[in-house]
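First chain A sits with chain B, and in the next complex the same chain sits with chain C.
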Partner chain A sequence: MGIGAQYIDHIVIASNDSAATAKHFSETFDFPIKRTFARPGTGAHMEFAKLDEVVLEFAGPGTVQPYDEVKARMGGFVVAVEDIEKAVAAVRAAGFPCGDPHPAVQPGAKIAGVKSGTGGVPFAFIQYNALPIEEAKA
Partner chain B sequence: MKISKIDHIGIVVKDMATGLATYQKHFGFTVDPDKGGDIPAMGFKNAFMPVGETNLEFLQPISEEGPIAQQARDRGEGTYHLSLAVDDVNAAVEHLRSLGIRVGDATGGIAYVSRGASSGVVLQLIQRP
Partner chain C sequence: MLSKVHHVGIVVKSADEAMKFYRDALGLKVTADRVIEDQGVRGVLLAIGNSEIELLEPIRADTGVARFLETRGEGMHHICFESDDCAKDLDAAAGKGIELIDKVPRPGLAGMIGFLHPKSNHGVLIEYATPVHEGH
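For the complex of A and B:
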């Protein structure tokens, strides 16, 4: 069984202050932050850097609470697939729950999370060019 | 310091055969037969699955000592580290130390950045031959 995996699209670094974590990584390891994004309705704040083909996504709360220190950890990763509907169907056929594909933060993309069967690793699929750009922005 | 790409993602598993079978069966990934094996000095064994230009490294403790065994005990299975490919690991270590960042000495082309310098994320620097 295959899901049509193409490559690891992005890796999530979860933080209590994603802006501070992104700035620290950017300055320490000398790569630029390409994009920041506040997800409407979720209160999430994300910043993105790209290293070769893989995006590093720094994700955290939209409103940063007072903290003693910035804390971050590796979250999960997202695999680009050719056809997200087929990937989701394949995982479900193997007996594991998978969320329905829905518009992603990335314009025109759909994403779906795998909810178990990953050995404790948060895992999702993304398909680019799955939606008209206008729909993705809605 | 030039990071050329993300080399791999480390994933701790308690049982290698089960972990690999999970990713083979559920996602169709295949093991790279040319990489991995037992690393007794580090207390773990590993195996790799390529996904595009990046790899998943599966790590199973083979002793009670070492960071992988500790991770498995304290946090169970899951993502462990992010490995960043650099052209020259010794130069990268020197550069980071010049910034006041704590980094271990490079051994076998690999160095680890102190968690205190990465907000808690386990970061590995790797120089491929």
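For the complex of A and C:
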């Protein structure tokens, strides 16, 4: 019996220069960067590309130092679920510690991280349309 | 042409142990589970949406996967993009100056596969795979 896992929503690629890594991936693998985002408060910088249903999220610091070498690594992945409260309850019942669902960066979405048992992978669930989205101001 | 993320590869100490989460807790279906002798690994594929999760457990100490586990511990190992023509896409990558680990495709768990060297991709190991039959 599954927990309603639907698909890999996004894979995080952490880089010391996310814009450079995103540009390299875009040019090498022929997919466009769809969106860039600076996280309010932290200044963390992100670029997003999408290949079929999976988003590649390139994440890095807001201020890029003059690095000799751009270095990136895979920073985990996030699985979309139908009902995040049920998913969290189910994995906890199976013995895997999981954080409480909380609002995600994505508007209207909630996210919860699984803390161990994932094979060393930072892993989280995300549910879209879990929260009311505030009306965008004109 | 690269069409989707075929799978994410995860190096684990024990595929059986990792399947307690991915198969048993998440309820993902195992689509392949076999030992690949020449690579020195047991590979397990689990379907999720249009992609898969690949668990890689080293069965010998003299392999890249075993060295990865020894030096970095368990964790994400590579991203695999599905290609409709692995050989052509490997050639295209080489034409862009990307160093290849596999200059020609070879059989793997996901079909005909080829790896690109991580040092050409900011440290990220990339695999191309052309499935040899319909489905994942």
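Convention: the second predicted complex is superposed on the first by the 133 of 138 C-alpha atoms of A that agree within 3 Å, B and C clash if a C-alpha of one lies under 4 Å from a C-alpha of the other, contacts with A are read in each partner's own complex, and residues count from 1 in each chain.
Here, a contact is a pair of C-beta atoms (placed from the backbone, for glycine too) under 8 Å apart; a residue touches a chain by one contact, two chains touch by 3 or more.
Given the structure is predicted, the values throughout are model-derived calculations rather than measurements.
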Chain C versus chain B on the shared chain A, clash or fit after superposition: clash
Partner chain(s) touched by A:Phe29 [first = chain B, second = chain C, both, neither]: both
Which superposed partner A:Met46 touches (first chain B, second chain C, both, neither): neither
Chain B versus chain C as contact partner of A:Ala72, first or second or both or neither: both
Common interface positions of chain A, toward chain B and toward chain C: 1-3, 5-8, 11, 13, 15, 20-21, 24-25, 28-31, 51-54, 56, 70-77, 79-80, 90-91, 94, 96, 114, 117-121
Footprint of chain A on chain C - complex, ascending: 1-5, 8, 10-12, 18, 20-22, 24-28, 48-51, 53, 55, 73-79, 81, 93, 96, 98, 121-124, 126
Residue ranges of chain B touching chain A (in the complex, touch as defined): 1-6, 9, 11, 13, 18-19, 22-23, 25-29, 51-54, 76-82, 84, 96, 99, 101, 117-122
Interface residues, chain A side, partner chain B - complex: 1-3, 5-8, 11, 13, 15, 20-21, 24-25, 28-31, 51-54, 56, 69-77, 79-80, 90-91, 94, 96, 114, 117-122
Residue ranges of chain A in contact with chain C within the complex: 1-3, 5-8, 11, 13, 15, 20-21, 24-25, 27-31, 51-54, 56, 70-77, 79-80, 90-91, 94-96, 114, 117-121
